[in-house]
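These are the structures, in structure tokens.
Two complexes are shown next, each including chain A; its partner changes from chain B in the first to chain C in the second.
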Partner chain A sequence: MPKCIIDGREVEFTPGKNIIEVAKEVGISIPFFCYHPGLSVVAQCRMCAVEIEKMPKLQTACSTVPTEGMVIKTKSDRVLQAQKATMEFLLINHPLDCPICDKAGECDLQDNSFGFGDAYSRYTEERRTYMDLDMGPVIKKNMNRCIHCTRCIRFGDEIAGIREMVAVQRGNNTEITTSDGRALETDYAGNYADICPTGSLTLHDFRFKKRVWFLTKTATVCEGCSRGCNIDLHHDAGVIQRCTPRENLAINKYWICDEGRFNFHYVNDESRITDPVLVEAGHLNSVEWASGLDQARKLMAGKKALVLLGSDLTQEEGKLLKEFFPKHLPNAQVFHFGTPGVSDSKSDADADKILKRKSKTANLHGMESLGFKPFEKAPAGCEVALVIRGGRAVVPALNGLRAIGIGVFQKEHAKDFSVILPGASFAEKDGTVVNFAGHEQKVARAITPPGQSKLLPEVLMMWINQKAVGAA
Partner chain B sequence: MQNQNETLFIQHFNEKARPLDYYLKQMSGYSAAKKALGMSVDDIISEVKKSNLRGRGGAGFPTGVKWGFIPKQSAKPKYLVCNADESEPGTFKDRDIMRYTPHLLIEGMVIGAYAIGAHVGYIYIRGEYTREAKLLQQAIDEAYENGYLGKNILGSGFNFDLTVHRGAGAYICGEETGLLNSLEGKRGEPRVKPPFPAQAGAFGGPTIVNNVETLAAIPFIVNKGGDWFAKLGKLEKSGGTRLFGVSGHVKKPGLYELPAGGVTLRQLIYDHCHGILDDRKLKAVIPGGSSAPVLTADEIDVVVDIEPMMKIGTMLGSAGVMVVHEGTCVVRLLKRITKFYAHESCGQCTPCREGCRWMEDILHRIEDGHGREQDLNLLLEVADNINGKTLCALGDAAAGPVTSFVKKFRADFEAHIRGGKCPNA
Partner chain C sequence: MLVKKKKNPLQEIYLIEILKGLFITIKNMLFAPKVTIQYPEQRRNYSERFRGMHYIKATNGVENCTACMLCPTVCPAECIHIEAGERADKEKYPVKFEIDVLRCCFCGMCEEACPKDAIKLSTIYEMSTTHREVYDKAFLVEQRGSK
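Presenting the complex of A and B:
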């Protein structure tokens, strides 16, 4: 591999990678705003200026690729002065009110200002101001905080496939906005907030809900479709506050769709059933686990059962159930279910040109690989149904069968069930899911199951171990 | 005084010269194109290299060398683009070429296109030049009718289509990549270089962008040879004649055509332009369009050409010379210049977007009587933080005047700040 010299260190590099990336690999970080590895390079913010021997002017590290023997300085006096100057320029019109800005704590502008800027401002002229804009249900814009990096414009253009963010006016009056001030149309809009290096574009869903430094991040996998996008769940005190994409170049690059991003809301939703309940004449009566289980077993006793397993369950849960049924419910007819119209992996396909898949559960391909068959309709003679699901699989019509549910259910599900035993959502358990391309990925437990909810192995253990009441 | 007959351009600068008929009879029109279409591409480029023709738009890059950058083979179509945006304040030479001798430009473009292997050309013309755009179009129509444009030009088998594209009034579209973006229908914002237009320009194809005066010189070079053209110039590296647009406080402002490197600024102002208006004292000269760093009255014994000007810290640029006499408020002048660049900044890169307006605001304050002692150093530092650190040359264009005015006329600025008003007022 060819070599260049960065800050006096000999560094091997892959030809074609820019200086920012090459330097990053050896732990030298060059500050930047407009550069984003997933977007085209525009060299507009000028923050990444570096000194290169034999070149009279400073060069932007984002738009320059090293060549053999190139001598690059990222911390020379000229570079430090240029960084200081760029920070000053970016801040003269930026409000200096970090304490009331929702981006504080994870703001590139704040971080780079602290790292490379001056503590004092020499600016005494009037600051430029703009009107705020509500860009639809997902994003709120505060243009005063914008530093014109144009990442959002490029994201729309190059990733979301829709040129909805534009620059209007020019020079100092340039405004970054949606065309004609319309609401955003893309269903990947949440990414605009992620890539915005300042508090200019924020999520309606998250802004001013929680200071980011109180949040704990758990790296996990989205359960929204069979893509299995890598995500971080941000939570505090057992409550998930937001979900952001986590880089995985093989699967989702740097992005997630809005459906996946906002999917977590059911986890802490009030309508989630978190106690064992018996449903009687439409009323939900919370009971102890023991009575819930008793009632469930009583209903199942000696009957031919239809068992439906959500393809939102993990591989581990699937394997456990595969062993469980022949032993403990030998009469059961077991199928998997998930997305209406997408019963098996053959009918799963890309749902758009970006990330979304047709299967709206994460583990369709995994459940299939365990040998479970897709559910089409209940075989003749079934007298009772047992539905085990996470939070995503859509419960099919049970045609009046008395039903028992184990897993994540909302109050609206209750009318179709006699007993519901609360289980864990994807955010509350560890496990593995297999995406459409066969990638096995780890789902990680971010929070504890709420209320009386229990993990599936525990539920099954109780089912087996409690004194059987007319067991099959 | 120059002999008008020796000029390439100016002797033809009148309404009579415009029709094709005049061009054919009086200027041996399209004979160069005929000759060139029978020459090898390498021979043409080598003649242009020999001619020492340097870009007349402002950067002064050798035209033949630029043409040589175009790859011979290209998967994408190549383009020849004429930069007729002429938006640098103080510059008004291309306008006369286009309105009086449009066929000279068209012929130059036919030859240039042939030399680089382009079959499509564009003349990107300044939006305000509505009349010139119309006249150019008429000339292009004439050329099409007579077989000088279109298919099989002059029976050579070479095809070339030429389109006039009007700008929408942005200085930044005179920057060649800003121009190309605008031509493509995008925002007129300069692109990151590399890639340079010769590699990937208009619509991604290899593209040469040349100034009007540059292309209009090509027929002379082809007809009379590169050596002949080179000898018209009086300096080693600069061939041909140059059009100087002189404006401001001189007795005879206007367009002058003189041998490249053939006169000093003093000769231009005092001999050719008959001296300063009302015989007042000279205060300052902006020698190459408003972006050129200003010169004081003591600095005008300099040959008006690329290297000599560079040596004393300014530039020849587009050779738009603006003369300023005593009694003019330089603070106000600089504020006006800076306002122009702040207004014309495209806004994509940080130093130019933020810095130009900041400088304008400070200057506005000083002129308004609210200047502070520290403002002058602040101005110099802001200019220095812009200079050389922007994505395109507009930042340098804005910083150069500020740095030079404040350094060279510091006393005037200080008097403004201390007195709270213009001492001349």
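Presenting the complex of A and C:
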């Protein structure tokens, strides 16, 4: 491999990678704003300027590829001077509103200003200000904070496939806006907030909820569809506050769709059932686990049962249930269910050209590989149904069968069930899911199950071992 | 080894020693400068830098606080609880601002961290109550201390 010299270190590099990436591999960080590994290179923020021997002027590291024997200096006096000047220019019109900005704490502008800028501003003139138009339900814009890196414009153009952000006017008056000031249309709008290096584009959903330094990140996998995008769940004190994409070049690159991003809301929703309940004439009676289980077993006893497993369960849970039913409920007929219209992996396909898949559950392909059959119609003679699901699979019509539910249910589900035993959602359990291409990925536990909810293995153990209430 | 000090007989009966001690007491009672004050009627003046009861500064009736959460971040006792919100005249303001005074250790770091000069510690030091006190926003804004 060819070699170049960065800050006096000999560095081997793959031809074609730019200086920022090559330097990053050996732990030398070059500050930048407009560069993003998933987007095209425009070199317009000028923050990544580096000095290259035999070149008269500073070069931008994002748009320069190293060549054999190139000598690059990222911390020379000229470079530091240029970085300081660039920072000062970028901060000329930037308001000093970090205390109310949601980006504060994870802001590139803040970090680079601290690392490379000056602590004082020499600017005394009036700052430019804008009136902000509404940008739809996902993104909140604050143009005053913008540094014109055009990452959002390029994202819409290159990734989301819709050129909805544009830069109007020129120079100091540049304004990033949607054409005609209409609302954002793309289903991937949340990414605008992630890639924005300042607080210009922030999420409505996360607005003023939490400062980012209070949040704990748990690396997990999205359960929104069979793509299995890698995500980070940000949570504090047992409440999930937001969800951001995690880089995985093989699956979702740097992005995630809005459906997956805002999917976590049901986890901490008020309408989620977190106690074992008996449903009597549409009324929910919270009971103890023992009597809930008792009632469920009584309903199931000796009857021919239809068992529906959501394809949002993990592989571990699927395997456990596969061994559980022949032993303990021999009359059961077991099927998996998930998305209406997408019963098996053959009918699962790309729903758009970016990330979304038709199957709206994460583990359809895994459940199928475990040998479960897709549910189409209740077989004749079934008297009672047992539905086990995570939070995502859509419960099919049960045609008036008495039903028992184990898993995550909302209050509006309750009318179809007689007994509901609360279980854990994807954010509350560890496990494995298999995506459409056969990648096995780990789902990690971020928070503890709320209320009296229990993990599925625990429920099954109680089902087997716990004696009926009142029995000696 | 314990050495017993020999005392002379006058010391042995203690009378003179008691009178000596009594003399010092009487001298201090009558002539020494007084260090105690008649508390509820008389008050001591504390330094302006004294760290007592909290208050939130307001400008033209609007609280200075923008709910930036820097005070709960630095608070070592974790006694400040803020919920942020938005309203027409202010982009970000504290919907809820509570100080659990029983947890507070009066270190004054909240005052130091505040970028808006909003949370302050006054010189009020009489804060004993008969119940667990949590100062809410209305109280803190109203409460301007002796400053």
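Keep in mind that, in the parts below, the second predicted complex is superposed on the first by the 467 of 472 C-alpha atoms of A that agree within 3 Å, B and C clash if a C-alpha of one lies under 4 Å from a C-alpha of the other, contacts with A are read in each partner's own complex, and residues count from 1 in each chain.
Please note the rule applied: a contact is a pair of C-beta atoms (placed from the backbone, for glycine too) under 8 Å apart; a residue touches a chain by one contact, two chains touch by 3 or more.
Bear in mind that the values here come from a model prediction, so they are computed numbers and not experimental data.
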**Asked** If you stack the two complexes on chain A, which partner ends up touching A:Ile406: first (chain B), second (chain C), both, or neither?
**Response** neither
**Request:** Classify the contacts of A:Ala49 with the two partner chains as first (chain B alone), second (chain C alone), both, or neither.
**Result:** first
**Item:** If touched residues of chain A are counted for chain B and for chain C, the larger one
**Value:** B
**Request:** Kindly classify A:Tyr123 by the partners it touches after superposition: chain B alone (first), chain C alone (second), both, or neither?
**Result:** first
**Item:** Touched partner set for A:Ala427, first chain B, second chain C, both or neither
**Value:** neither
**Request:** Report for A:Ile100: first if it touches chain B alone, second if chain C alone, otherwise both or neither.
**Result:** second
**Message:** On the A-aligned overlay, A:Val277 touches which partner chain: chain B = first, chain C = second, or both, or neither?
**Reply:** neither
**Request:** Mind working out whether A:Arg207 is in touch with chain B, chain C, both or neither, as first, second, both or neither?
**Result:** second
**Prompt:** Quick one: in the complex, what on chain A touches chain C?
**Reply:** 98-100, 104, 207-209, 211, 213-214
**Complex contact set, residues of chain B against chain A** = 170, 172, 187, 192, 342-351, 353-358, 361-362, 365, 378, 385, 388-391
**Request:** Flag every residue of chain A that touches chain B in the complex, lowest number first.
**Result:** 41-47, 49, 56-58, 60, 63, 82, 85-86, 88-90, 92-93, 122-123, 125-126, 147-148, 150, 167, 169-174
**Asked** Where on chain C is chain A touching in the complex?
**Response** 66-70, 73, 84-86, 91-92, 115-116
